[in-house]
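What follows is a group of structures, each given as C-alpha cells.
What follows is chain A paired twice: with chain B in the first complex and chain C in the second.
== the complex of A and B ==
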C-alpha cells in the first residue's frame, strides 16, 4: 500500500471503520436531513450518511475558511491587555467531498500560503484528512470536465474513493491517506486493470451526463489580450445585481473582510467574514476613491482573475473548478455565471 | 433562506435551491442581512426612562411601568389618545396579536402600519375593485407575460426577484416598457423607456388607454368603456400628453401598441407612482389599463404592486391597517365587524382611526401616547425633522425594536425584540405566499420574540393572555381570517409555503378569474388628477425625487448595522443631469447642499444622463443628513399616503 498506487477495499468494511472513527474523531460527511436535502455536517453515527446526493449550493471551503470566524478577542479592562485567540480545530475527517471542492481547496491553498501564511486556514487544513469521492452523479449545472475539476482527480486528496458497488477503488494521495488505510486494518488489494477499466466507464458515463459547457480557451485568450469590448463589460455590469452570490459559493474565491466589533468598554472581538469583489465596499479606499466603483469594473475584475493568463500562471489553474454553483445562485439567471460569460466572451471575438 | 449556526452564532445565510420563488438565489441583503443578529448594539434588556435617560430593568418592571403609564394615559385622555404602529417585518402571528391588542385590549381605533408609506393607494384601489388588497398575479406570471409595464419602480433595486425575472423576460425578447423619470441600470435591456416629467404619470397612463381604445386593441367583449369616454378620457391625446409629460407623442403610441397588442400584459408598479398627489388616481388608471386589455385574472397578466418589505402583505392581511381588520375586513361594514367582535369579545369602532402620518400630525393633541413596533419613525417619516419633533410632544412613547433607534432613544419604555433568526411564525410575500420562519438560535440576552412580548404586555394590562406557540395563534387566526380557512400549519411548513386561499388555482390568477366573472368592465373614474403640490419655481428650480438603492431598505435601521451593507452606502450622493451640471459649473465628486422648503442635506454630486434636466435624484435615507427630512408630508387625501416622492429643490455650492 503506497502513495500513488490504487487499491481496492470492501465498501462495507471501509464504512464500518469510518463509523468507528466517528467515536474519536470528528467526521464530516454528506448528511441526509429531515426534508430530504443533503448537506455536509459532522456525523455522530453513519445512520444519516448518504451516497445519494449531488453537490449542493454550500461550498466545502466553509470548513477551512468559515463564512465568519473569530480571529481574537481583546480585553483592555485590566492593567495588562489580554488577547485571546481561538483554539486550533481538532483533527477531523472530511468524507465524501466531491472532486470539484478538492480542486477548489488546492486553489485556496495557493492563496493562503502565498504572500502571507494564514495560520488559521492551515491549522484546519493540516488537521483535516480529505477522503474524496469521485463523482459519478453530476447535477444539472456541473461542468467540472471543462475545468480539470473532476469528476475524478489525480491529486489534491488524501484518499480518493471510487464507488464500484461492493468495493471502493481507493487512490492514495498522501502519507496521511496511506496511514489511515494502514491503521484501519482493512484488507487492501492492489487494484487490477478491470477495476480501473470500471472506473473509466463510470467517469465516461458521468462526463456524458454533464450539460453545461465552458470552453475556456478562447475566453482566456480574449481576456488576457484585452480584446473584450468595453461595451460588453458595460452590459454585463448593468445586468449584475451585485448580490455577491457567485463569490460566496465559488470554491476558488477567497476574499474576506476583517471586522472589529467592540462589545463592552475595553472589550471586543476581531473576526473575519466572507466578502465579495462584487461589492463596491470591497475596494473603496480610505480617501473615498474606489478603483472599482462600478459594477462593470467589478464584473470585469472577477473574470480577469478567473481566466487571464497571468493569474492562471500564478495560481497554476483557472479560477474555476466547474462546480456550477454560480449558475444556480446568479440573480441575473443565465447571464453572468461563468459558463454564460465564457460563451459571451467567445462570441464577442475580435 | 437557510442560516448556518455554530455554537449559537449565526455565521452565514444561504439560499435554497428548491425554493419556488428564490430558486437558489438571494439579493445582496439576503446574503448579508444576518450580520445584524449579533451586532453589539442589539438591545438585550428592557429599558425605562428615569430622569431623561434610559435604564435597564427587568421585564416585569418594564411591563408594569408600561401598563401603568398606558392605563393612566387612557384614563386621563380617553382610550383613543393612544396610537399603535405595527411593523411590516414582524411575523403574521405577532402582527395579528398586535392588532388584537390594539383593538380589543387597548380599544383604540388608531392602529396603522408603514405599508401606508409605500402602497396605501395600491391596496385601497385593489381592494375597492377586486375585493382583495393584494397583487392580482404571482411573480411566476412575469415569465408568462406577453408584455410587461414597469412603472414608478426600479425592479432591480426594489425587488431583486421581480427584477431578475423581468431581466430574463426582456432578454428573451418580451416587450418591457418602463415608465419612470429616471433611467435605471436595467432600462437599457427594456424595449422602450418613457421618462415623463416627475409627477405626470397619470396623464401618460390615460393616454395609453386612449390609444388602445382608439386602435381597438382592447380585449374582446369588454363592457363599460363608455364610462371612460364620459369621464373625459379623450382629452388625453398623445399630443396633449407630450406637452404635459415631455414625451414625444410617437413614443406614447409605440408604448400603447406594445402593451395593447400583447397576448397578455403584466403591470409592476412601485412607490414612484403612489407617493404622490395622484397616488390613488395613478393606481386606478393602471387598473383601467389592466381591465381594458383583459388582464385581470389572465395567465401572464395582472397588477403587482412591489411591496417593500418581507411581511408588508402579511401586515395587511392580519389587520394592521386602520381601515381593515384581520382578513382585510372592512370594519365600517357591520357584517364584517360583528364576527370579529364576537370572536374577540369586544366592540369595534365602525370608523377607521388615524393613519400613521395623521397620528404624528396629532401627536401631543388627540394622540398623547404611541406604541411603535419595529419602525424608526424619526427617520422614516417624511419631513422627518418635524415628525421626530412630534414624538417629543407625546406624554408616553413605547418602542419595541432590535436597536436603540432614533425613535427608541426618545421612548419612555423600550422593549428588546428578537430578530428574525430568533422568531417562530410565518411571513407573507407580495404574492400572498405564506412561509414559515423558524428560530435558528435563542433570543439574545433578555430579548423576547414579538409573539411573547405582546401577550406579556396584554397580561400586564389585565387581559390575561396566555403565551402560545405560533401554530396555536395561527389556528385562532384561521377562525377570523377567511382567506386562511383552507390553509393548515403543515401547508406553511412545505418548502415555499402556500399561497392563500390555497385552492388549486391560487398559484396562477384563478382567484381573480372566479372573482371577476361578472364584473368585467368595472372601470374606475378617469381623472386629470391633482397638480404637483410643489411645482419648481424660481426659488427652488429643480424637481427632486427619491428612490431606493440596491442595498438599502426602509430607514436603514437594519442595513446600516450589517457591516457589509453599510460599506456599500458610504457616499451620500445627488444625481444631477449633465446639462444642469454644465450650467451650474458642477463636477462629479463635488460637495453641494440640496435644499427644499423643509430642510437641507449635503451630498456628493454624481453627474448623470439617467435623470432628466431640471430634476435631481436622491437615494432615500443616509446617515449623513436624511433625505426624508427634505420631503413633504402632505397627505394624499384618499389613501392617507404622504406625498413624499417629489418636491421642489435647489442646489447650493458648499
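== the complex of A and C ==
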C-alpha cells in the first residue's frame, strides 16, 4: 500500500471503519435531512450518512473558510488590554467531498499560502483528512469536465474513492491517506486492470451525461486583451441583481469582510465573513468614492478574476472548477453564470 | 504559526491637531520586544484598529530613520477615523504592519526630486521627504509643491514654514480658496509648475493626493516629457486586510496592499481599471 498506487477495499468494511472513527474524530459527510435534501454535516453515527447525492449546493469551502470566522477577541477591561486569538480546530475527516470541491481547495491552498500565510485557513486544512468520492453521475448543472475539476482527479485528496458497487477503488493521494488505510486494518488489494477499466467506463459515462459546456479558452483571450464590447458588459450589468450568490457558492471565491462586534463594555470579537465583489459596497470608501459603483464594473471584475491570463498564470488555472453552483443560484434567468457568460462572449466574438 | 490578522497593541503618545478634521497620532508599541524590532520604509502603511469600530489603512507619516515612534495622520471621515479622533494620549490602537511596498530611495540618489502633494496626500510623502533630507547632499534639486483647498486645510503648518525658509529646498504652496491672511498663490497644484524650472531628464516625480489631482498632475508631467517610470504615485483603495486576502483593494490582478501602494505610472497605466 503506497501513495500513488490504487487499491481495492470492501465498501462495507470501509464504512464500518469510518463509523468507528466517528467515535473519536469529527467526521463530516453527506447527511440526509428530514426533508430528503442532502447536506454535509458532522456525523455522530452512520445512520444519516447517505450516498444519494451529487453535491451540496452550499460549497464545502465553508469547512475551511467559514461564512463567519473569529479572528481574535479583545478585552480592554484590564489595565493592560488583551487580544486573544482563537484555538485551531481539532482533527477531522471530510468524507464524500466531490472532485470539483477538492479542486476548489487546491485553488484556495495556493491563495491562502500566497504572499502572506493564512494560519486560520491552514489550521483547518492541515487538520482535515480529505476522503473524496468520484462522481458516477452528474447534476444537470455540472461541467467539471471543461475545467479539469472532475469527475475524478489525479491529486489533491488524501484518499479518492470510486464506487464500484461492492467495492471502493481507492487512490492514495498522501501519506495521511495511506496511514488512514493502514490504521483501518482493512484488507486492501492492489487494484487490477479490470478495476481501473471499470472506473474509466464509469467516468466516461458520467462525462457523457454532462449537459452544460464551458469553453473557456476564447473568453480568456477576449477578457485578457480587453476585447469585449463595453455594451456587452453594460448589458450584463443591467441583468445582474448584485445578489452575490455566484460568489458565495463558488469554490474558488475567497473575498471577505472584516467586522468588529462589541459584546460587553470593553470586550468584543473581530470576525471575518464572506463578502462579494458583486455588492455595491464592496469597494466603497469612507469618502463616498466608489471605483466599482456600477454593476457592469462588478460583473466585469468577477470574470476578469476568473478568466484573465494574469490570474491564470498566478493560480495555474482559471478560477472555475465546473461545479455548476452559479448556474443553480443565479437569479438572472441563466444569463450570467460562467457557462452563459463565456458563450455570450464567444458569440460576441471580437 | 502567526495569525496575520492579530494586531499588536500600540499606545498613543501624542496627538496634534492639524486642521479642523485632521489629527496626527504619534504611536509606539506597548510591547518592548515588538517596538525594538519594528522598522518601516517610506511609503509603507499600517492597518490601525480601534477595537469595536474597526480597522483602516494609513500610510506612515514620519521618518523611517526613527522607528522608535511613528506617526499616522488621520482625517475623521468614517467610523474608524472618527473613533480615532475621540482618543486621548495614553489610549490604545491595534497596529498591524508595516505592510505594502515602498518608495524608491537609494535608487533615486543623484537625481533631482520633485514632490507634488495635495491635501492629506502629503503625510505618506513625508515618510520619504524626511529620510531624503537626512542625506540631502545625495540628491540634486529638491522641490516640494503642495496644494490644499484652503490655508486652514494644510497639514504640518510649522514644518511647511520650516521648509519655506530652507535654502536647499524649493517649497511652493497654493490653495484653491484663499482666506484674508493668505498671500501666496491661488489655484490648483499644477499651476505651480509654471513657477519652477525642471530638468525633466534628471528629475523623479513623486505625487500623492486625491485621485482627481493625481490624474491632472500625471497628465501635466507627461506633457512636460517625464518618462513613465520617473513618475511615482500611490494607488488608494479601501484595504481591509492589508495582506492580499480580503480582495477589496484588487485592481486587475494587483492587490494594492501587497503589490502597492507605490506604483510608477508605467505600472499603473497597464492596469485594466484605474
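Everything below uses one rule, namely that the second predicted complex is superposed on the first by the 349 of 350 C-alpha atoms of A that agree within 3 Å, B and C clash if a C-alpha of one lies under 4 Å from a C-alpha of the other, contacts with A are read in each partner's own complex, and residues count from 1 in each chain.
Just so we're on the same page, a residue touches a chain if its C-beta (ideal position, glycine included) is under 8 Å from a C-beta of that chain, and two chains touch if they have at least 3 such contacts.
As the structure is a prediction and not an experimental result, all values here were calculated from the model.
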Fit or clash between chain C and chain B when superposed on chain A: fit
Touched partner set for A:76, first chain B, second chain C, both or neither: second
First, second, both or neither for A:244, with chain B first and chain C second: first
Which of chain B and chain C A:66 touches, first, second, both or neither: first
First (chain B), second (chain C), both or neither touched by A:259: both
Chain B versus chain C as contact partner of A:53, first or second or both or neither: neither
Chain B versus chain C as contact partner of A:303, first or second or both or neither: neither
First (chain B), second (chain C), both or neither touched by A:168: neither
Which superposed partner A:143 touches (first chain B, second chain C, both, neither): neither
Chain A-centred angle between chain C and chain B, computed on Cα centres after superposition, in steps of 10 °: 80
Chain B versus chain C as contact partner of A:152, first or second or both or neither: neither
Gap in Å between nearest CA atoms once chain C and chain B share a frame through chain A: 10
Intersection of chain A interface sets (partners chain B, chain C): 257, 259, 262, 268, 275, 282, 284
Parts of chain A lying in touch with chain B, wherever the complex brings them together: 35, 37, 56-58, 62, 66-68, 235, 238-239, 241-245, 248, 257, 259, 261-263, 268, 273-275, 279-282, 284, 288, 295, 328-335
Chain B residues touching chain A - in the complex, by the definition given at the top: 4, 6, 9, 11-12, 14-15, 17-18, 23-28, 30-32, 35, 40, 156, 160, 163-164, 167-168, 171, 185-186, 188-189, 495, 550-551, 563-564, 566-568, 570-571
Complex contact set, residues of chain C against chain A: 1-7, 9, 30, 49, 51-56, 77-78, 80-81, 92, 94, 211, 236-238, 240-241, 243-248, 250-253, 258, 272-273
Residues of chain A defined as touching chain C within the complex: 71-72, 74, 76, 80-81, 83, 85, 111-112, 114-120, 122-123, 226, 254-260, 262, 268, 270, 272, 275, 277, 282-287, 289, 291-292, 297, 301, 304-305, 308, 310-311, 314
